[in-house]
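We call the chains A, B and C, going by the order they appear; numbering starts again at 1 in every chain.
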Amino acid sequence: MIYVGVLVVLPLAALVQHGLADGLLGLWRAAATPVAAQALVLTLWTAALMAVINAVMGTLTAWALVRYEFPGRSVLSALVDLPFAIPTLVTGVMLVILLGPQSPLGDWLAAQGMPIAFAPPAIVLALLFITVPFVVRAVEPVLLEQDPAEEEAARTLGAGTWTVFWRILLPPILPALLSGTIRSFARALGELGSVIVVSGNIPYRTLTAPIYIFGEIESGQPQTAAAVSVVLLALALVLAFAARGIEHATGVHNG
Amino acid sequence: MGIRVAGLTKRFGEFLAVDDVSLTVESGELVAFLGPSGGGKSTILRIIAGLETADAGTVSFNGQPADHLHPSARGVGFVFQHYALFRHMTVAANIAFGLRVQGASRRRQAERVTELLDLMGLTGLGHRYPSQLSGGQRQRVALARALAPEPKVLLLDEPFGAVDAKVREELRHWLRKLHDEVHVTSIFVTHDQEEAFSVADKVMVIHRGRLEQSGTPDEILDHPRTEFVARFIGEANVFETRVQGGAGQVGALRIPVEGIADGTPVCIVVRFYDLKFWRDDRGCARVVRMTTLGDRVKVEAQIDGAGRIFSQFPRRSSLLHGIAPGCRIQIEVTLSRAFVNGTEDGAIETATDC
Amino acid sequence: MARRARTRQLTGAQRLIVLLVFAYLGLILVLPLGAMALRALAEGPRILLLTLTEPAALQGLLLTLFVASICVTANGLFGVAGALVLTRHRFLGRRVLDALVDLPLAVSPVMTGLAFLLIFGRGGWLDGPLDLLGLKVTFAVPGLVLATLFVTFPFTLREVAYVLEELGTSEEQAAMTLGASPWQTFWLVTLPNIRFGLGYGIVLTLARALGEFGAVLVVGGAISGRTQTATTFIYNALEERQEAAAYGMALLLAVISVALLVAIEWLKRRRERGQ
């Protein structure tokens, strides 16, 4: 009986893969068209940039939340989970309102020669919003479990603050940090809702892979859409396995 | 209800946890499974309860095979090492659980709960939650819960492992008292010798999945039948040597051994209190250290041409008069047990007149 | 292992870090939210209410709620069952199953939508049989439900599995030795122990279902009055330059999300405490 529930998803999952593989046969070239290729490249580098920022700021955030006490700390902690609760489309809308041409901030930025909306920076920003929780929540439990005795031992042996951080505190965090960053990167690859609103979808400039796929579906080209999808899916699966591998090896739970 | 286990074998992957074990527990007995960690005692217990299935062998209750029965149908009460109390239920609800799932009336449940709370010295704590209790109290609740449905067998898996030494003593006392009043067939698993000997009617020593010996505490202490039991139980000196001229020679110390052919390699076990010594400048050993362990004194001596020998005596023992570190002593072994290496033969005991 | 207490007196450098974190999160999270609230309310709350009570908007909301409730119920039940199977039994292919459960998380919503189109849509695998039965899946509500089911599948299962792992089996074994049947054991012992993890998973599922966009857009087509959910309503409104309606609905969804967030945080806390 329980297996039935499982089997409901199994064929879904299997069929999904087949559905996409259908397009793969013989239309590999579709993925290599200039627009598609550029879309993939854009997706990759914006996600990568976001992942790097996320890794640093996420660790810092987790650090502050776990080790310091300050007014508003629990609110801040709750805030970190916000992206999990908010629809991605709403995120896009919010960013457009904040940075778009009709907002004071957007106008000011445009005047400075830095129009963020409908340009790659907006994409990175949207991706950052979506993935805030990933790194923070992955690193937090590891920080919580750290035994202060280790640090104290290091200090009594004469280590300075930087050494303590680099050699004692960072290494245990690294696996969680890595898996959280990988997960955020994978998540960003497939992001549609927020990016589609905020990026303007300009081919070669702000057209990401998911948007490209969407466009192809809309214009009745499911095969090319499927082809690019397969590329993205393969990448996402590899990343997912990598992250899980790290988590299993080090016993981290993400959630 | 009597329990009989025959030919029990259990593997976990490559690891042989239980190796052809057969034993019998008489109805109403309180038996201890004693042995080092990882020896298989808990596994045997869990197989009896039905929480694990054996690869081979049978378990019978009162002569009826029980292997096919689900744990819920065996009438077995089980007490876990870490209590396994239902964290979201009160103490009373925990204790009543067995009766509740078997359809007993509310009144019967309440009666039994009160009865058991009084029996276990927990009166008035019925409304509390496990998290509000101390370790000792929790274990008593676990005992009460297991007893509530009047099981025919009570199984306890290292029940006192998770509490302090002082509390452990109290709990042992409870268990003994409980058994005296309720007379339910019980088996408990422990690695603590003192615990096993002070509580149980019969002790079964289990090591590496095998039953080494089964007997009363006195039998096990005084007549160990295998090398492992001799080494593990009580504190003993162990010497490996060959029989020569009717004795085992350990450096300058001669230990008489009867009934074994010359040249046979043996393992001789001498308990710390099974020897005598006195000052003798031509003696075979020299006292290296004397340590006071509260009521007793431990004497460590170096045998000429061999290793150390230990003995332990009460502080006021006459044997210790005039003995000090550095002085030479002569040793006489009053009781030894020799095990012939490489065979399953029991101990050859040799006693000299004291 | 000792747990460290949080530092209460912060040095200058530490304060700087805190400030930095506040600024970062404020910029990324709070600012956009505030900006949208301001814009949506710019014309006054009454106008906002009016746009939200337009039939199209209301239909969108109701449709979203309908789909979401189905997903929560179905994936809630299967999530618990699946988690039990995954954590309590050892069987061939368990690893595979475990990996499969996470699959929807790795797949972009667009691709989910595409896959469903390929299966149920015109020329798709099940097109023939569906036609015979007179069932319409794509560009119809069933398609929305299926797509959202797929997307929200892992959440409850993962959270319940996590709690089950942490709890261990000893309480259930104790219940067995006391004579409880498997059902009694589940109902009286397991369920009460997992309730906060389960609640957490359900709220996550709900939030995800409410916010699903890409898949429902592709599978449903966002046909006003038929397959337009709350999120696709916003999208269509933006396309048609009806910004007031779009921002209004977006604000509503954001408010609901914040409410869900509060529930999430509360449940998370209770879940930790229950252990």
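In this text, contacts are C-beta pairs under 8 Å (C-beta built on N, C-alpha and C of every residue); 3 or more make two chains touch, one makes a residue touch a chain.
Nothing here was measured: the structure is a model prediction, and the numbers come from that model.
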Label of the chain whose CA centroid is most distant from the centroid of chain A: B
Chains linked by the largest number of contacting C-beta pairs: A-C
Approximate Å spacing (C-alpha centroids) for the pair chain A, chain B: 57
Chain centre separation in whole Å, for chain C relative to chain A (CA means): 17
Multi-partner residues of chain B (at least 2 other chains): none
For the chain A and chain C complex, residues of the former touching the latter: 1-3, 5-6, 8-10, 12-13, 15-16, 19-20, 22, 57, 60-61, 63-70, 72, 76-91, 93-95, 97-98, 103, 105, 125, 128-129, 132, 144-149, 186-187, 189-193, 196-197, 210, 213-214, 217, 222, 225-226, 229, 232-233, 236-237, 239-241, 244, 253, 255
Contacting residues of chain C [partner chain A, same complex]: 1-4, 6-8, 10, 14, 17-18, 20-22, 24-25, 28-33, 35-36, 39, 77-78, 81-82, 84-85, 97, 99-115, 117-119, 124-125, 146, 150, 153, 158-159, 162, 204, 207, 210-214, 217-218, 231, 234-235, 238, 246-247, 250, 253-254, 257-258, 260-262, 264-265
Touch list for chain C against partner chain B, complex: 170-171, 173-181, 184, 188-189, 192-193, 274
Interfacial residue positions of chain B with respect to chain C in the complex: 49-51, 70-74, 76-78, 80, 82, 84-89, 97-98, 101-102, 145-146, 148-149
